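Alright, structures below, take your time with them.
Look at the two complexes coming up: subunit A is in both, with subunit B in one and subunit C in the other.
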Partner chain A sequence: MAFVQNFPFLSILLSLFSGPLCSILSGKWAKRVNTGVIVTTGVMSAFVLQHVISTGQSYVYQMGHFPAPWGNEIRVGILEAFMACFFCAVMLLCMLGGIREREEQIQESKQNLYYVMVNLLLCSLLALIYTNDLFTAYVFVEINTISACGLIMIRQTGRTYEAAARYMIMSLSGSGLLLLGICYLYAVTGHLLMSNIREQVQFLAQTGQHHLSLMVALGLMSVGLAMKSALYPFHTWLPDAYGYSTLSSSAILSSLVSKGYIFLLIKIFCRVVGFNVVNESKVVNVLFVFGIIGMIMGSLSAIKENNLTRMIAYSSVAQIGYIYMGLGLATEAGIVAGLYHVLSHGATKALLFVAASGLGDASGNSDRFADITGAGLRNKLAGTAFLAGSLSMVGLPMFSGFISKFFFAQAAVGHAHKMFPTVIALALSTILNAVYFMKTVIRIYTPAPEGSVGGRQIGVWEQPAKSAALVCLILLNLILGLNSDPIVRLIQRGFEMFD
Partner chain B sequence: MSRKVPEEEYQKTVSCRLKRWLEGAEDPFAEGMEMGRQEPVTESPEAKERREEDEKQLRQRVYDLENNVEIRIFRRFYRVFSVGFCIFLVVMLLAAVSDLPVFGHPENPVNNQVAERYIENGLQETGAVNIVTGMILDYRAFDTLGESHVLFAAACTVLILLRTDKKKEQAEDEDNDRRYEPKNDVILQTVARVLVPPIFIFGIYIILAGHLGPGGGFSGGAVIGAGLILYLNAFGFARTEKFFTAKTFRRVSFCALACYSLAKSYSFYTGANHIESIVPLGTPGAILSSGLILLLNICVGVVVAGTMYTFYAMFRKGNY
Partner chain C sequence: MDAFLLIPIVLPMFFGALLLFFSFREKNTAPGGRRERARLCLYVSAVLGISVALALAAAWSGDRELVLFTLFEGVPVYFHVDALGRLFVTVVSLIWVLSALFAFVYMKHEGKEKRYYGFYLILYGVLVALDFSGNLVTMYLFYELTTLVSMPLVLHNGTREAVMAALKYLFYSMCGAYGGLFSVFFLYRYSDSLNFAPGGTLNQAAAQGHEGILLIAVFAALVGFGAKAGMVPLHAWLPTAHPVAPSPASAVLSGVIVKSGVLAVVRVVFYVAGTDFLQGTWVQYVWMTLALLTVFMGSMLAYREQIFKKRLAYSTVSQVSYIMFGLSLLTPDAFTGALLHVVVHAVVKCGLFLTAGVFVYRFGYTRAEELGGIGKKMPKTMWCYLLLSLTLVGIPPTGGFVSKWYLAEGALQSGTGVFSWLGPVVLLVSALLTAGYLLPIAMKGFFPGSEHLQGLEEPHGIEEPGEGAQAHSSRKALGPELSPAMLVPLVVLAALAVWLGVFPGPVSEYAARIATAVF
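Presenting the complex of A and B:
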């Protein structure tokens, strides 16, 4: 076994180990450890990616001395390694962009606990990506939920307490449903390992045994994960959680945490239940319908909002709707488009949150629409970044958002029943996106009226970390938008490896 | 024949004090116990008015019931819909349960080669007499590693939420603590003095014998945590803070979790690369046997005990 094959396991263990380590360090050292861990795991994932691309094969890594159905194992393919790499990169940029906010908004003595939470979150995301065992996935979903709660409420204002309570209730009900689903699935198949469950499920589907409990299990798991990733009717926790928590938290939560659950759901569909069974059940249609409703309703709520960060948060509801719509198409092209949108939305949403905070800095730390008039002129880089992010969300060519919309449309064309709803929803949602993003862009580039107070000029070098994060995120967006071919091929190859 | 005792001496005898206690004239515990007065809750008319005004404002400004159509519709349908939804969920889940394989039937899918190997080879392969421990700490140790970090993450979240660092708030917490909890309660202290050592020893026994019989880190840690909480209730924070503070908790948990991670990393690494592990399994049944399981049980026990105590202490008082 090549040494590089140990890296996924090492990156999970390293981030897990660094969580408790940060709890005994001072805030300053915890920050350094955290940065080091994210960079190390990112580099290790890149090596793993390079390794799996060159061998062209996925491999399983046995966790311990006992082979798979008895012991635990993780599975590494192109898609897994690529996702891990991307998540590490985005997380690093989110942490980089929010340094000053964290120092201002988090109590001095609790700084280190923030990094404990971030490290544990990173570990759980990696484990969700790599795991090949349904119960391991559940355990790390728990860590993910708890640390996300910590990230929301560490700002310690009334708003974030309320948001964290809402998040906790919704997210724990989602975990509960997921656990119930896993229990049902275990009772009818007798396995927890993904590949073994699939064999059994295929057998049961052919013979028609336990059809009802299989469908209920599938439904429970889908609804549970949809709740946790804020699909439309379950999105009520989202605007407060993203809108009021500290910058790094909202960026990480919107661009990574919900995506981890979506990735798990895709894994459950393809690797645990098997796509033919999912297709026969009507679960995908339900996800499709709610995805489309989410696309429209999220955008409508965003139009009504008069607070910049909350508007961006509501736009996440719409974007999650896109991903579920892709899943709901239930074709390979649809899922690949959904996965591409996971990347595109991850990069863009982080960019928008960081840019919005930059605009807020130039307007006396306010993110109300009335105050940010002309903010793009006062903070040029943040304005440019917000413009880039908005264009990407609306779907202008050259930016990543265009590519994912293009793929969604391509996946829908030729689909027997879902072509028209998909294309119409895409068009409608693009218009609505344009309404609220362009409204904001026009506002930030309109000079502030005479005599308004609170605004000040902010140069590029005043907050070098945030500027660097913004530049990197813009570049990431452009790379995803201009260089989409190899990335899509990578996703396709990785997706084929899933079987 | 009875002897006449002087009044002063009679006052000091046990029988006299018992009599006075029975008559309700004297409370022997009254001086030892330290407890603030519990004032009945009184609300001045202005405060009441303000509270009602606040509630009214809350309805008007937060929910904006007159103009918020969504909430009006939501409130109207909420009750009916929630009851209907619960009934639907219950019926659906029950129907699915009735569709599951019959519980305990030998032909069930859960009775497959996985369980078979755990039961038949568990003792030789893990060295643990208690198969459950062998399963969670050796076969599926990665899950348990995650599970113990769940506890740690939960404890850290509670620290984020409830820990107060300002001296003024701490003093207020101290006062609140005195108001509702009797301090130096003689009955509680006497019982605790008797009970706490056996509880600790029993907890330690459960942890150490986890691989030999029923028990293990999670249950033993819970017992020790309960013992710590009892001790805290009897003797107060002043006594427990001498040996257990939030800092101790974090250090001890770090050591335990680091120990767990490192030990298991070694075994994962050797297992995946097919290198022979140097950890001996020992004789099944001996206290020093079953490879790493004993060590892992101790680590888990420490984390669980610390987490339980931290939860209690944090919810009772913002700092310890």
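Presenting the complex of A and C:
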């Protein structure tokens, strides 16, 4: 066994134990440790990715060399390693972009606690990605929820308490449903290890036993994870949680946390239950329908919003809808498109949040539409970044959003029943996206009226960390948009390894 | 690989962006001094001159092609110069240079010149790229960019009306572009490649059994890209957006940008889907109906519109659908006529909007009835106007006659049942209406009638020498009728409009060659 193969386990362990470590450090040192951990995990994941690509097959890592029913397993394939790598990169950029906001908005004495949360969040994301054990997945889902709550309410305003409470309630009901589903599955199959459950489920599906219990379990798990990742009717916690928390929190929550759950759901579909069983159930159709409704409703709410951050938050609802629509197509192409959109949306949404805060800086820390008029002229880099993010959302070729839209459409074309709903939903959502993003772009480039107060010029070098984060995120977006071919091939190969 | 193609695309974009960068840096938006303006004009003309020279050189030196990079499997960003692109690039370049010349004087009273020229230069690069695009996705990219970059020209004066018009333009174009993208999804699946090839690249075997959905896709592209060409049902933005822009910008919007919609339609129908596929289908008939409807409706609306620039915008709606009708007939002659009309209409409509600009610039006149007697004040401008109007009506020996002749000929040969005679009839009626809304201005301009005479007549009869001298000097102060920078484009355009009719040979043969290639 190559030494590299230990890295996934080590990275989970590293981020897990650096969490408590941060609690006894000062804020400054906690920040350093946190940055170091993210970078190290990212580099380790890159090595793992390189290793899996070169060997061309996935491997199972048994913790402490205990075989399955007693020990715990990690499974690493191309897709897992790639996602881990991407998540680390985006998380680093989100943290980089929000340094100043954290210093201003979080109490001096609680600075280090923030990094505890971030480290735990990273750990749980990695665990969700790598784990081969359904119950471990559940445990880390809970860790994820709790640390996300911390991230939301550490800003300590009335709004964030409320938002965190809402998030907690919705998210815990989601976890509850997930747990119920896992229990059902355990009761029916007698296993908790993903590959074992799958064998058993396949057997049950062929013989037709326990059909109802299986479907209930599948439904419960899907709904639970859909709640946690803010699929349309369960999205009400999202705008507050993303809109009022501190910058790095909202960027991380929107671009990573919800994606971790979606990744877990994809894993459950493909590795736990088996794709053929999922395909036969009606669950995917339900997800498809709600995905589409979410695409439209999210955009409509975003149009009505007159606060920039909340508008971007609502647009997340729409984008999550895209991903569920891809899942709902229940074809390999659809899921690959959904996975690509996970990347694309992760990169774009983080970019938009950071850019929006840059625009807010240039407008007296306000993100109301009335105040950000002309902000793109006052803070050029943030303006450019917002423009790039908007164009990506609208789907201009060369940006990542176009590619994912194209893949969704390609997945839908030729699909027996779902072709027209998909394409029409894509059309409507594109137009609605154009409505609110272009409206905002025009506003930030319209010179502010004479005599308006609060605006000030912001140079590129005033906040070097944020500028660097913006530039990197724009580049990430362009790389995803211009160089999608190898990435998609990677996703496809990784997806094939799932079986 | 031929990197030379990239230069005329990137060069104006880069220098335009540079100009924008500097325009945003300026603290005060007040117009600078004379020297600064002269320097700006020099900069713009240098960049534009070099870009145009390079673009034409790249266009007219063989079938160059360039694969920039691969977007995703089988779809690169790909430029390829072909006969059609060559024609469009030439038209765009010509109009761009003349309108820039006009703008050097005109934009003085609009202000924010750097921003205007910045977007103007970038837009030239985008249009060249659009014309050089070698596959559908590349074209879609630059089509969207055309919309985005031309939008600031529409909202130039920053009033609420202008911003709303620009947004309307944006949404119509984006909705339309999505229609185009919709067709790309399907064509990507059912054709050999998305690269343009005369006659189409549809894979007959793959398309077998999916004709219905493909027809819908092509129709979506027609309606969608037709939005930019002002075709019903997505035409409503055009009469709102074109008139609010500064006149030189309206000239290029109406003269050239609407043609990008035409180009996109030609590319989808004749270079990807193929004419055989559409011949005789419901798509063709609906397309013809929509085009004829637009021709008629545009003329009617123009006829009863009193604001001059708005009238011209409605006229654009009508005239561009002549082109659309020509294309929809799917016969070589009509196709030739459509391409000819692309050239003619670009020249004429650019010229007409520039004359409208002259009236606004010199007198602040915006309404048609204010123009009575204007021929006495500026005869040269009015003569240009008259020639351009006659061309648009289609009176021999002007360019409009030739293109409409081909269109009518093509319609009669097309064998499309009722449309083969209904088409020419509608075209004729619309020509009459065109005469009805354009020529009275010229007539009133030269022969205003008695009620206008008092106010306008120069005090020629000298009763008191002092007063006469004063009047003489005040006339001197106004200078000659127009500065050469404004007059030259008008004269050139008017001459071209007539020349296209007197010697139509080269252009019509060129268009006919394209037509034989695609059929």
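Simple rule for what comes next: the second predicted complex is superposed on the first by the 498 of 499 C-alpha atoms of A that agree within 3 Å, B and C clash if a C-alpha of one lies under 4 Å from a C-alpha of the other, contacts with A are read in each partner's own complex, and residues count from 1 in each chain.
In this text, a residue touches a chain if its C-beta (ideal position, glycine included) is under 8 Å from a C-beta of that chain, and two chains touch if they have at least 3 such contacts.
Fair warning: this is a prediction, and the values are worked out from it, not measured in the lab.
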Sharing subunit A, do subunit B and subunit C clash or fit in the superposition?
fit
Quick one: classify A:72 as touching subunit B (first), subunit C (second), both or neither.
first
Touching A:430, do we find subunit B (first), subunit C (second), both, or neither?
second
In the overlaid three-chain picture, which partner chain does A:469 touch, first (subunit B) or second (subunit C), both, or neither?
neither
Is A:484 touching anything from subunit B or subunit C once the two structures are fitted on A? First, second, both or neither.
second
More subunit A residues in contact [subunit B versus subunit C]:
B
Which holds for A:61: it touches subunit B only (first), subunit C only (second), both, or neither?
first
Once both structures are overlaid, the C-alpha centre of subunit A sees subunit B and subunit C separated by an angle, to the nearest 10 degrees, of 150
Let me test your reading of the model: by the given contact rule, A:110 touches which partner, first (subunit B), second (subunit C), both or neither?
first
Applying the touch criterion given at the start, work out whether A:238 contacts subunit B, subunit C, both or neither, answering first, second, both or neither.
neither
Is A:410 in contact with subunit B, with subunit C, with both, or with neither (first, second, both, neither)?
second
After the two structures are laid over each other on chain A, how near do the C-alpha atoms of subunit B and subunit C get, in Å?
27
Residue overlap on subunit A between the subunit B interface and the subunit C interface none
Which positions of subunit A touch subunit C when the two form their complex?
377, 380, 391, 394-398, 403, 405-407, 409-410, 412-414, 419, 423, 427, 430-431, 434-435, 438-439, 442, 446-447, 481-485, 488
Quick check on the complex: what are the subunit C residues that touch subunit A?
24, 29, 69-73, 77, 137-138, 140-141, 144-145, 148, 155, 158, 163, 166-167, 170-171, 174-175, 178-179, 181-182, 185-186, 188-189, 213
Subunit A residues within the subunit B interface of the complex:
1, 5-6, 9-10, 13, 16-17, 19-21, 23-24, 61-66, 69-72, 107, 109-110, 113, 116-117, 120, 123, 127, 133, 135-136, 139-140, 142-143, 146-147, 149-150, 153-154, 156, 161, 180, 184, 186-191, 200, 210-213, 216-217
Write out the stretch or stretches of subunit B touching subunit A in their complex.
92-93, 95-97, 99-101, 108-114, 117-118, 125, 138-143, 145-147, 149-150, 152-154, 156-157, 159-161, 163, 165, 250-251, 253-254, 257-258, 261-262, 264-265, 267-274, 277
